[in-house]
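Chain IDs A, B, C and D follow the sequence of writing; residue 1 opens each chain.
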């Protein structure tokens, strides 16, 4: 991937530092059957993380605690429990400003409590890895899976990836560091999974040896000065942008926001290479498609199987990156579709909105089925919804 | 960072701002025994800023910057408020992230720097207003002390929210009529120095900035103790002359009026036993500061 | 065996329904089958309803989460039925025709007339097994109830082999395992009960083996197509 | 029209070690000590005219600084 003097050397734990590409594509992998929380532990074990800060909230608590074990074992440089999520994200920011590779996890109400930090991370170009194990955020209290949370962070400017399975989860965590830390990207990344559906579910995952690790983060590739008094300029600005009512300060703010958005777009080329594209297509020449992300795709795949048994063929489009959103890819993949179903685990239907905004003739999009508040979405429910809509459309066509 | 690192390539010298050139030529990075007496005869590590004419906070800023024992390896963390208008003009690396999370940011920063530079002294200093320290950020202020994070917290206490136009704050005096306390503030000025003592701070000082010698000694002790022992806290009265209805030349008098016996800002200092013992070990070596930080 | 078998385990917090689901799925995985297991997503509390799910089969499984249409339902405690301590009402809701019910009870439970009619109509046999009684008898602790239930399932359906099960048990109890609060506490209780880890593994396997025989005998006696 | 401070060189006692105006000026790098002439001097373009230097100088009875309009 890049020439790096660390490659081939050994870290304090005796892990061999290898080229990321070797770790991702060439190193032999062994089969494990483990929960999503354990997947976090195994990914972070190989990620050369300098600092991790945790706070308990279901369903991410187990993963966050296991990262603490890694710290005791010496795989993670520094670790502690912060006082609340707003503070934790501030502590992560501090560590990242100080040049550390930083990892943390959060869920649901914790994510919203921490929210103020995310656009700040983006504006400060801090490539922090945030693992979001999403769950319900509204009252009455719910600790159940619900993806509304992702819809709420969509426009913070972070890279947002959504993993479907334990395997995705492992790979996205490691690859996410690499993409987020590219000098032309250098942004925080949220690797999202559906809480419980992935975090607490035992699933198959192929993992390379624990004797291998990613190269450490090189903070001096940061497009912004690292806050360590090791590099000039020590004086960041001649005049502060803040609260100065003049055109230049507005323009500076605006162009910086555009630049961080552009940096997010620039992540495409790295992500396409590492994830094999921003979307994954299956039978997209069919007229009926399911397009979604995360567990909704997994359920969609099962629904496709059930429908195939009845002779109804449907295709699947899995969206891997919510930001940057794969507009062109989705347009291409759906160009033959007559009906596009967007199953979602939230009440808002943010994914359907994104897709509708991306494609022509968006009356083709059927928003749903939706479940929320932790409700499960059995494949049978998706099948029923697809059949209902198909019957309705047929009826409408007949009447016309 | 040594002064070497900020030296300007001769080819670019003429296009660099004059303030930067002065900083390279006359800045006090690495100077032994630096203190407020350097001002007027060297380039200060703070540049022209946009605070009000006569603002005592500006005086405090000058003293703090002049008295940092190790500015070449000091990183400051600020918060939102009047102080955030000054930090862009400060010649040490400094972070503004959000309002109230300054002690959280400093915790992460200090730990990252200790991990990355195990053999180097990297001082972290938080400098924020009273709203940031005591109201919105109190949780993180206290928790960083509970966790014994090794950095210094300096609170510029002007007893109100100055930058937003004079609203009441937790450090405002009881009975003071201000925006958002239209019938007078209902509860006592929060006694953060006392809270700091029981929350694990090893050095606590409360004063005005009317006496630069005293400020210098406090800053120096607080930073040295934080480096070796644990958290330290300094509360400085920096009245907002604008919001308390004073003329721009009256700030100094206001401070002097507030520091007499039994007044709100009567000088108070607390040093933990552990910190006292430590100070004894560094006192004779004061002139060999370089060795300590090496 | 069916191409895909979905199992729902209903019990009370502390009985090990989550552990047994994970162990069963791990065993299936070790046999080269595809499997996915997960608990019901709640804040499980001691003696409050608890549920977990296992899906296993010959092709890759995507489906996850709460299992609505099970082939097999295992009831770990009579109160799931008698006191309605269950997330699903009635407790057999969603069960597929030709499925199987395994209930931990020393004697048959007084099911309602409608329930009995439904289960008969759907061709669903009920296997009552004294899992807790046997666990106390063999392992000396009711905490081995879940092992008894696994033995009953294996004996009745041959869903996974004994070798894979043993490997899964070693996976779970033989090394450091990170569990959430309540489970971790119970793990400690079990560890204290047995002086050595080997003893714990041995007693677990003994319980499974003994109840397996009972399950196999029962299956022999009823000859249901599901069980072949 | 802006008011800025101006040092009356003849009256300034900086050569005797006085640093009152330099010390209490709220602005950085604004009142400097001129080593050559041994007096305080004001960098006019930085001065905001707050008059604090005048206050401290006159209360010490040196009366070496006054405000002038530029």
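Annotations
Note that a contact is a pair of C-beta atoms (placed from the backbone, for glycine too) under 8 Å apart; a residue touches a chain by one contact, two chains touch by 3 or more.
This structure is a prediction, so every number in the text was calculated from the model and none was measured.
The most distant chain from chain D, with centres taken as the mean of CA atoms, is C. Chain A and chain C, compared by their mean Cα positions, are separated by 35 Å. Spacing of chain B relative to chain D, judged by their CA centroids, is 26 angstrom.
Chain geometry summary: the mean Cα position of chain A and that of chain D are 59 Å apart. Chain A and chain B, compared by their mean Cα positions, are separated by 39 Å. Touching of two or more other chains is recorded for residues 47, 89 of chain B. The touch graph of these protein chains is an open line. Chains touching one another, given as pairs, are A-B, A-C, B-D. Chain A meets chain B in the complex at residues 50-51, 53, 77-78, 80, 82-84, 86-100, 102, 116-117, 120, 124, 225, 227-240, 242-244.
Partner chain A is touched in their complex by these residues of chain B: 1, 5-6, 17, 19-20, 23, 47, 50, 72-75, 77, 84-85, 87-95, 97-98, 101, 104-117, 122, 139-140, 143, 147. Interface residues of chain C, counted against chain A in their complex, comprise 22, 25-26, 29-30, 34-39, 41-43, 61-69, 178-180. Residues of chain A touching chain C in their complex: 33, 35, 37-38, 41, 58-59, 61-62, 65-66, 69, 143-145, 164-165, 195-198, 200-204, 295, 297-299, 301-302, 374-380. By the touch criterion given at the top, residues 19, 22-33, 35, 40, 46, 48-52, 54-56 of chain D touch chain B in their complex.
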